Each structure stands twice: as structure tokens, then as C-alpha cells.
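Every chain is named by a letter (A, B, C, D, E and F) in the order it is written, and numbering of its residues begins at 1.
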Amino acid sequence: MTGSSLCIQLINPNTSLGMTEVMAATARKVASPGTEILAVCPEEGAPSIEGHFDEAIATLGVLQQVKAGREASVDGHIIACFGDPGLLAARELARAPVVGIAEAAMHMATLVATRFSIVTTLPRTLVIARHLLHQYGFERHCAALHAIDLPVLSLDDGSGMAQQKVREQCIKAKQNDGSGAIVLGCGGMADLAQELTLELGIPVIDGVSAAVRLIESLHALRLTTSKFGDLDYPLPKPLSGRFADLNN
Amino acid sequence: MTGSSLCIQLINPNTSLGMTEVMAATARKVASPGTEILAVCPEEGAPSIEGHFDEAIATLGVLQQVKAGREASVDGHIIACFGDPGLLAARELARAPVVGIAEAAMHMATLVATRFSIVTTLPRTLVIARHLLHQYGFERHCAALHAIDLPVLSLDDGSGMAQQKVREQCIKAKQNDGSGAIVLGCGGMADLAQELTLELGIPVIDGVSAAVRLIESLHALRLTTSKFGDLDYPLPKPLSGRFADLNN
Amino acid sequence: MTGSSLCIQLINPNTSLGMTEVMAATARKVASPGTEILAVCPEEGAPSIEGHFDEAIATLGVLQQVKAGREASVDGHIIACFGDPGLLAARELARAPVVGIAEAAMHMATLVATRFSIVTTLPRTLVIARHLLHQYGFERHCAALHAIDLPVLSLDDGSGMAQQKVREQCIKAKQNDGSGAIVLGCGGMADLAQELTLELGIPVIDGVSAAVRLIESLHALRLTTSKFGDLDYPLPKPLSGRFADLNN
Amino acid sequence: MTGSSLCIQLINPNTSLGMTEVMAATARKVASPGTEILAVCPEEGAPSIEGHFDEAIATLGVLQQVKAGREASVDGHIIACFGDPGLLAARELARAPVVGIAEAAMHMATLVATRFSIVTTLPRTLVIARHLLHQYGFERHCAALHAIDLPVLSLDDGSGMAQQKVREQCIKAKQNDGSGAIVLGCGGMADLAQELTLELGIPVIDGVSAAVRLIESLHALRLTTSKFGDLDYPLPKPLSGRFADLNN
Amino acid sequence: MTGSSLCIQLINPNTSLGMTEVMAATARKVASPGTEILAVCPEEGAPSIEGHFDEAIATLGVLQQVKAGREASVDGHIIACFGDPGLLAARELARAPVVGIAEAAMHMATLVATRFSIVTTLPRTLVIARHLLHQYGFERHCAALHAIDLPVLSLDDGSGMAQQKVREQCIKAKQNDGSGAIVLGCGGMADLAQELTLELGIPVIDGVSAAVRLIESLHALRLTTSKFGDLDYPLPKPLSGRFADLNN
Amino acid sequence: MTGSSLCIQLINPNTSLGMTEVMAATARKVASPGTEILAVCPEEGAPSIEGHFDEAIATLGVLQQVKAGREASVDGHIIACFGDPGLLAARELARAPVVGIAEAAMHMATLVATRFSIVTTLPRTLVIARHLLHQYGFERHCAALHAIDLPVLSLDDGSGMAQQKVREQCIKAKQNDGSGAIVLGCGGMADLAQELTLELGIPVIDGVSAAVRLIESLHALRLTTSKFGDLDYPLPKPLSGRFADLNN
């Protein structure tokens, strides 16, 4: 069998079209021939995600997109924000596989290095990364976390300053952490991975492209989200008001 | 100083008025004289919470209520669903302390027993309880988890069957788990704790009343959610569409 | 029901009357109206507790006080030394709830911040705090531990030097640890919490007052130490010699 | 870019040609068009791997094959034995990515279920699986381990008895473990995954095919084993005697 | 150098002369030629140790004996109760090495098996064993804990019934736990280890004899309790009343 | 019984005769009278072990020596390389006890200090030490790891430079880590332990001598590797080619 003629829904949980484009371009570069990347972001929500509150807002947008994607019979869903907002809720809702970019990047990192470092945006988001490391089981595989101390959207302001700070943090991490790889901690950094990998001479990993390939892999393996047990479809119940459109 | 003349907002994350009433009554029984319990539930959302998807929906309702509560200058917020949905997001949004009923019950359990058991509703919710135990650090303090295998709302159907099953599971847990206490794993069980404590002769703990007292305690200690670091107020950004009412 | 007309026994495990007074005053400030604080310390023992040996001595004094408190039908016991010496032994002996000030402060800290720092006295006591974090499940919630490198009784020498060093360590911890709250690691620091909370603008938590409120809370919840299983009363056996007064 | 025209070296660490064939066939079924599967096994070594001793023998064969594969400029190496024997040593030696089938299966399992069960051959190999779960960070994601209590080569004896026992254990695991997915704990079970997935209605995961797709993914992502730090090429030193052929 | 002409103080923390004799005899059987076993127990204290309260009492007796032993210049101290009561306090007080029988047995068990089971006396003591496994780092090495549900002194009542129950539990543990070794969870079982080892055909480990050999080993290695840092001698302070005899 | 007239096989997993001699001399110094140290190293293999690849080579030599030792009826086997290469495989093969020098040193360290530091050779070997700490359960007992950044054989080059760097790292570790003891992370440092212990005034622990005494202890305790379960003798199977000499 082959990995071709798939449709993967790339969900940017925030409403920034710029970031959606950056991530879509990166995803298309790495996708197999015949894999279509359906890049979407919620019409309503937060322009960027920099904390638990933003994640809660974004999760609703993610779920609406997953529902739409399921109705469009996409072959997989990517949650393209480093906090993997709504991951397990999305897995309940989806028929196809769902992969978050944080888990995708972390899984790949453990395949190429014994320990990795994370470079993300604002310090306040570090707690989210730490919780994910803990939940996914990769705490011991992460040597250190770093923040460039610039907001997510600075990656999209055209100045290149955020990109420069990411680069500096990656160089510092390589020198000081004893890590063999670096995980980029924001979807907005997706387009930096390959050049930084070349410049630094160690794997610098972007979760968006990693997730594309993991979805393709699951599809090729004929594996999808288990509908047995706690990831089964949500129990049917009348969702009221602004949530009515999420009714199954 | 005293614990009197507080207003605690008791947020039932689901839309069931019946459960809201049960929890409000329990909360008022245990509250200090002068503490007002402002019991609310979202107008829109899910009638019950039995998985990650339901939690994601409920979280938005929780945040709306926290915002309303903050504007009404309540002295604390309780998230009255055993999954503590939206806990950290709510802490970002709140000025006053926020306590979830799962953490409240678990904290109290560790003060009266070396290990506790949890009795909850549907098996599919066990994963949520396990994640909370892991995140809060109480994995080793929990000897076993049990599910009565009835939906949340069966606690509210007047038949008493669910209550009977809770009772049976608690008795079984006492006999088999080597636990010194039992944590009730659903807000809808709030009214059962004291009679089961008497009948079983071990602490059977309800998180709603525990949370009321923890909020009062934090207030008396002049402690509130830290606004330094990752629980600081959400960064101001324009939330669009159905989320506009959550703008700060 | 109400929290009034309780008698809480505040046990200072060391023999320092000065520290007993400081802690009693702090406890009374935070206690509910009608709660009496019965502050005691052993007549015999160690003037301060700065290691495992001192703790072992202090534990016997704690148990004698718990026994006396039980005979006086107090409504709860506080072990007011940051190592929580004799906590589980005291719970076996007690009918009423027993709370240690280290656990009390740590529990409260996790309700207001995602991570906390600890500031204590001598470096040699850090191992005790680390063991407690490990045993209580809060290892991941503690970002760092700091010692002022002055003995416990320097807090009681009237010079204010120790208090100044605590203040400096708290400021350093806020700047460097990425913690949202600070736990004061010695009962003798009890009176510093509220002013430091105001000065630093983050929760600085004292376990003595936290424990007072937790005991009141357990009482209001009609929860007490489980007498089923491993916290049941000690098996009756003839304790000889200097321990005879501990016979049940 | 595309995933085509890759050469992946599938290394069966034992000397069983039958098992090599079974795994090669499975690998080819799942490989992308244009991916060549170069299936090899050591000429010398152990006919099956059922303990740490067998693994130690097999590791040398793995390394010889990795060296040969590197000289043949293969694009990736798969260690096709559930203990992932020699994984980190192989990563030191390799230029291309190296993936073990145990890690591959476990990673994929965590993407489709909250917990998985493992079904393997002899009870004495369970310790190896437990160590891998611990090392990879998936301990909490594994609900239970099961052994069919038949040797590895019974999967290759044509009787189908071992296959039947695997099937029975998988059914039992689904019923009893509360797992949403099952990981097959032996390369010799590779050909069973897809039919069992269909029959049981939950993901039953084979590490061989999972590893093929992970190698393809790493290649598409232009990620390879980090040569910075502890996975750098072995330090050149004269290997003597029977090991001379492993000299770099 | 040699292991001869040592004096090891074997401290039975309870006041039972019978148990002291049993343990002394076992210790002498295993001691090197020239090693003298100075078996002592406190004159005052508890006749047996079956909980945290008993341990607290026993700890004081242990410390008095350690002080006496230090003044008598013994070459090492053994704390011969499975809870290792007062271990770290004793290490502060001692110049020579101090070894507890629980840690001794657990360390040895990890050298001969990948996992071990524990067989102890009363169920209420299981919590103590679990805490030690956690503190020493051997949680994962322990497959299961079992209690014969008879008090400690039943081992000393001459009926042999407790010994028979220990034997039955060991046989059950071998059959059911998948453990390669068994740790006897009470000093009163010391004399059973060698015959059970022969009968069961797996290592059945007694901590008393293990501790004797570990002390001899530390002495031969010229290693003793570190007096640098948190195990340094207790800070000199006036211990009052019944504790005055513990003044340094 | 006595510890005399034992034959312990000291296996240096690398082919360096110089290191074998250094370790043999250290072992003989600490051995009991009547204990013979049979020091061996593989005729074929790697001259030093500085990574996973080297360990894999060395493991085969270890197993050949264990087989030879078993045929010569030695009373125990020591794997004298800090990575404990092939430890569990050797335990399967051996009748007598097998102890690795890393585990030996770490076990002893936990008996004399609450935390220890490790000083080893090349940074690339730190991952091996970290994995052992994790596997043995001593992660929390290790405060820090240090590398002198010189290859193993520099310890054998007669210049003393490596020894000087070890000394400097130990002094730094004592000053900065808050550790009470230091574990020497290479068999080639065996002869430094006792002088550094004297100079630094804290236990500096060599695993070679520790292992000698642990083997003697297991023998005195009549404990040997469990042959029940996963450490049972390897299943008989025809090992082919260069491995034929390992056939049972």
C-alpha cells in the first residue's frame, strides 16, 4: 500500500492567517506526493496562544475544525500549537488520527538523541511544555527549556528579530545543555528547523512537519485513534447555545 | 481576622440545575457563618461532563463564570467537576483563589489517610482522574480507582440507584484496597459524603465542601492566586466572535 | 454548621518558648473567631530542630503533647516544625486531625502557583525538606530550595539579621527560580509571611497559619484521621521506663 | 521532497531466516512506493532472542549489519527485535537513523490510545519490556504486560498455535486491562497486527511496520541520528580479534 | 587488610530479649571470624514495633544505643528492625557506619534478582515498607508486598505458627509475583532465611545477616558515615530532661 | 561460617592489561584473607570503553570470561567497568553472584551519605551513568555528575594528569554539589579512592573494591543469582560462528 492521496487537516488553533500560512508551507514541503494539506484556523478565537487561558479558547476552535474535518472525511488532524491544546478531546471527536505538534517533535527527538532541549517563546508558556513532558513521559529526555522572551506573533512581524533570538537560544542550548537535539517550541518556528539543523549540525526539530509524517505513518499502518475505551466518541448529549454546532 | 462575609462562587461546569442545587446545598452546609455561596452554572454548554470533549466545552463556561465572578468581586471560585476543567486557565483569569473539587478532595484525603481510593461514575472518566493524580503528585497516595459504570446524570434521576452503587463501591474499596479514606469522584455525589463517612467509619471525602473550606482558608491566610509568572492575567488580545465576551 | 468553639493544639516540637509564642501569635491572628489556640511545647527536649537527630528527640515530645491533647479533647493538633516530625506516629495516636506545617504550606502553595520555592534555615536541613517533597508528592512543584545558613534560634535572637536574610533569599528566589510562590521553611518565620507577601507581591506562605485553617477545615468537613488501617491507634503494649507515660 | 527511493536496512538480530522473511514481507507491505527494504540477519549468532544473554550476542550481529549498511549507504536501520538490542550502540555507529521495533510500536501506541497492553512470548522476556518502558518514558502508558508462554520460534513452526495464543491474549487484554491498544511484543508477530486490528476493533500494533514508517519520516524530515554528544561515532580504537571487522 | 577483630553493635530497637537472641545468633553465624557481635536492645521502650508510633519510641532507644556504642568505639551499628527506625538520626550521631536491616536486605536483593517480594508481619506495617522502597529508590524492584497478619511477637511464641505462615507466604509469592527473590520483612524472621532459601530454591533474604556483612564491607573499604553535610554530628545543644543522657 | 578461601573473578571488560593490574591490586588490598582475586580481561575486544558501542563489544568479552569463570567454579564475578556492561546477561550465564562496579559503588554510597556525586572520564559516558542511576533507582541519590574530559586510558599513561583532574573534580564536587560522598566513575580510578577519601575528608568510593566485598558478602550469606525467572540460565540454543564458544 502507499501513503499517497491523503488529505491531512492542519489546524492552527489560533486565528493568525500568517502563522497558518507558514505552517502550511512547511507541511507541504515535507508531505508525501499525493498528500494534500488542508490548512485551517478557527474564524473565531485568539490571535495567538500564550497561556492556559488562550489554550482553552483555542481548544474550542480546534474541536470545531476537527468536526468539520471529520465531516469532510480528512485522513488525519494536526493540532499545530506547541501546547497540543485539546489533544485528547480531539481524539474523542475524531475518526481519523490526531497528532499534536509538541508530541510529534518530542517523539522524533527521542529517536535521534538521548536528550533534547526546547526553545520556545514566552517564559509563561514553559509550564505548559513541562506539563506535556511529564504527561508524555519525556521529562528525563529533556535536558533544558529556554524561552526567547518574545510573544508568538513576533515570529510573524517580518522583522526577523524573533528568528534571530531563536537562533541564539539554539546555539546556547547546544553549547550548554549537553543535548543532542533541539525541539522548536512554537508552530511559528516551523520554517526555521531545516536551516538551523544545517547551521548547528544537530537535529533541530519542528513539530508541524513531524506531525505530517506521523499522520501519514499511522495511515499507512492502518492505525487510527482507538474508539475503544476513553477515546471513544463523546457520549451524545445536547450541547446548547454557542456550542450547538458541536453536537454530533 | 475572621472568615466571615465572604462570597464564594461555586461553578458547576455543566448545565444541570439539579446538580448545581445539590452542590450548592452541600456547600452551604459546610460554609462558615457569613460565607455566601453563589452557585452558578453556564447557560450554555454540556448537561454533564464525561470525557475530555465535554471538559473542553465546560471549560469555556467555567471561564465565563470566572470572569463574571471577578467582575462581581467574589472572594473565590470553585470549579465543581471532578476533572477540575480549566483550572489553570481559570487561575490566570481570576484575581481571587480558584480551587477544583478534585484537587480539594485529594489534598484533604492525604491529611487523614496514607492512601485513598477514588469512586467515580463512568469508566471512561478514569483516565482524567489518573492524569490529575499524576499532575498533582498524588499517584502514590491513590491505592485504586473504581467506576460505578453509570452516567453522571443518573445521580440526579431520583431513583437512588446510582447512590446505591456508589455506596457498594465504597464498601468494596474499603474491604479490598487497603485505603484509609475514599474520595468521591463526581460533584453529583457531594451529598453522600457525610452519611457514607458515618456508615463506613472511614473518611469519605467530597470535593465541593472541601473546596469551600480551602477557599475560606486561603482568604483567611490572605493568599490568592499568584499573579507573578505563568498564572498572571492572560495577555490582552482581541478574542473574536463567540469569545468576544471573554475579552479582558 | 460553623467553625467556632474549636480548640486546636499548636505543638512546637522544640522547647523554645520564644518560638512557641511567635507561632501562637501568628496562629491566633489567622484562627476563626471562637477557635482557641492551645500553644504548647515539650518541657523536655531540644531547644531547636536542625537535623534528623533533633527531630527524633522532638518526636517524643510531640507524641506526649498529642496524648495530652487527646486527653484534653482538643479538636486538632498542629506539628509546628517544618520537618513535620512524628507526623504519622502522631496520627496513629490522635483521635482528632493532625497537620504538619510543612505539608500545610506545601498544599496551600500548590493551590496558588504552579511551582514554589522553599527558604529555610541551615543547609543541613535541606535533605529533610527534599524527603518531604518526595513523600508528599510535591517534588515537581518545588522549583528550588534555599537556606539562609543561620541556625533556627537566630530567628529568635532579636537582631533581625535572620529575618533580613530570609527576606533577601525570598527576593532572590522570586527573581531566579521561576516560582510563583515561596514557602517559608521554618516555624520561626511564621510572622514574616504576610509582610513578605505584600512586599514581594507573590504568595509567601507560612505553614503555621495554613495548618490552623486546614484543621478548622477538616473539622468543618467532619473529617478526622482515619482509624481504619495503618493510622489506627497504636496496638496496646506496655511501654517501659521513660516511655511509660505514653502508654494508652 | 518525497519519501521515495530510500533503502531501509531491516536487521533481524537473530539468525532465523523464517522470521527475517516474515518481517521483510510485512515491512514491504507498509513501505512507501520506491522504498526498498534490505532485509538481513547475522550469519552468526542466536536463532532466537529470549533474554539478556541472547540480546548480548545479537547486539554484535546488529552492529556488524549496521556497519555493512552504513558502508552500503542505506538510509536507515531497523533493529527488528522487541528488546531493541544494541539500539544506542547502533546509533553511535550509524550515520543514518536507527529505530528499534519496540520503541516504534510504543511511540505509535501513545498516539492512538491513552494506555496500551503488551503481548509477548516468554515470561522471562517481560523484564526487558519493562526496562524499555521505563527507559523510554512509557511506563504509565502501559496498562499491562502479557506473555503467551511459548518460545519465539514457535511463531515460526507452522502450527499456528502461537498465533492462536497471541490472539487469545489480545482478546483477554482488551477485556481486562482497560487499554485502548495492544503492542505486539515480538518481531515474529509482525504479520498478525492488521488482522487482529480488524478482528478486535482496536489498534494492534506491530513495531516492524511502525519502524519502517518512522525511518521514512525521519528521512523526509531530514533528521538523522545526532552526531553531537553521546551518539557521536565511536572513538576510533583498535578492536582486536573477532571484533576487528568492526573497526571503523 | 582484613575483616577481622571488628566489633559490630547489633541494635534490636524493641525490648524483646528473645528477638535480640534470635538476631544475635543469626548475625554471629554469618559474621567473619574475629568479628564480635555486640547484641543490645533498649532497656526501656516497646516490646515490638508495629507502626509509626512504635517506631518513634524505638528510635530513642536506638539513639541511646548508638551513643553507647560510639563511646565503646564499636566499628559499626545495625538497626535491626525492618522499618530502619531512626536510620538517618543514628547516622548523624555515629562515627562508624550505620546500616538498617531493611535497606541491607533490599540492596542485596537487587544484586541477585531483577525483582523481589517482601513478606512481613501485620498489614499495618506495609505502609512503612512502601515508604522505605520509595525513599531508597527500590519501588520498581519490588513486585509485591505480603503480610502474614500476625504480630511480630508471634514469631517468638514458640508455636511455630508464624514461621509456618511466613513459609506459606513465601511459596505463594514465588508462584504469583514473578519475583526472583524474597525479602523477609521482620528481624524476627532472621533465622528462617537460609532454610527457606534451600526449600524454595530462590534467594530468601534476611536483613540482619546482610547488614553484618555490609558493615564489615564498609569497614574493609575504610568507608564510614560521611560527616560532611547533612549527616554531620548533631549540632551541640542542651537536651533537657529525659533526653539529657543523649547530650554529646 | 567464614569468608575465606573464595575465588573471585575480576573481569576487566576492556583489553588493557595496565588497567587490569591497577584494579587487581586494589581488589587484593581489600579482599578478605583467603580470598583469591582472579583478574582477567578479554584477549579480544576494545582497549577502553567510552560509549555504548564499546560496551557492546566488551559485553561479549565479559560473557566469555563469565563462562570460563563458571567452568573454573569461581565463587563470584565482578564486571569492572563503570557502565556495568552485560550485567544482566552475565547473571543469566553465571551460577555464582555477579556484581558490577557501578552498582557496587552506588549502593555503598547510599549507605554513607544522603546524596553522592559521580566523577567520570569523558562527557559522552555521562548518559550511561544516568541510565544506570535510573535503572538502579538511585537517580534521587545522585546530586551531580562530572566528567574530567579525558579518555579512560589517560588514567594509565603514567603522566598523572588524569589523576590530578579527578582530584580537582572531586574537590569541586564537594564544594558545590551538597553531596556527602563521591563515586569514582571509572575502574581505572580504583587506586585513587582511599587517598582522596583521606584528603577530602568525605567518602570517595571505588566500585572495584566495593564489588569484591559485596561478592564476599553474598557468598557469606549463601545468596547467589536467582535462577528462578528472568535470570535463569540462557535457554539452550545453538550459537553459531564466532559465538559457538559461548554455547552452554
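Here, contacts are C-beta pairs under 8 Å (C-beta built on N, C-alpha and C of every residue); 3 or more make two chains touch, one makes a residue touch a chain.
The chain list, named the UniProt way, goes like this: A, B, C, D, E, F = Asp/Glu racemase.
Values in this document were obtained by computation on a predicted structure and should not be read as measured data.
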**OP:** Averaged over CA atoms, how far is the centre of subunit B from the centre of subunit E? Could you give it in whole Å?
**Re:** 44
Subject >> Rounded Å distance, subunit B centre to subunit C centre (Cα mean) >> reply: 27
Original post:
Which positions in subunit F touch two or more other chains at once?
Top reply: 88, 91, 114, 123, 126-127, 134, 140, 178, 229-230
**OP:** Name the graph shape formed by the protein chains and their touching pairs; answer line, ring, star, complete or other.
**Re:** other
Original post:
For this entry, which pairs of chains touch?
Top reply: A-B, A-C, A-D, A-F, B-C, B-D, B-E, C-E, C-F, D-E, D-F, E-F
**OP:** Within their complex, state which residues of subunit E touch subunit C.
**Re:** 15, 43-48, 50-57, 59-60, 63, 86, 88-89, 91-93, 123-127, 131, 134-135, 151, 229-230, 232, 234-235, 237-243, 246
**OP:** Would you tell me which residues of subunit A are touching subunit C in their complex?
**Re:** 123, 126-127, 134
Subject >> Touching residues (chain side subunit E, partner subunit D) in the complex >> reply: 114-115, 140, 178
Subject >> Residues of subunit A that touch subunit D when the two form their complex >> reply: 1-4, 29-30, 32-33, 88, 91, 97, 99, 103, 107-108, 110-114, 136-141, 174, 178-181, 194, 197, 201-203, 205-206, 209-210, 213-214, 216-218, 220-231
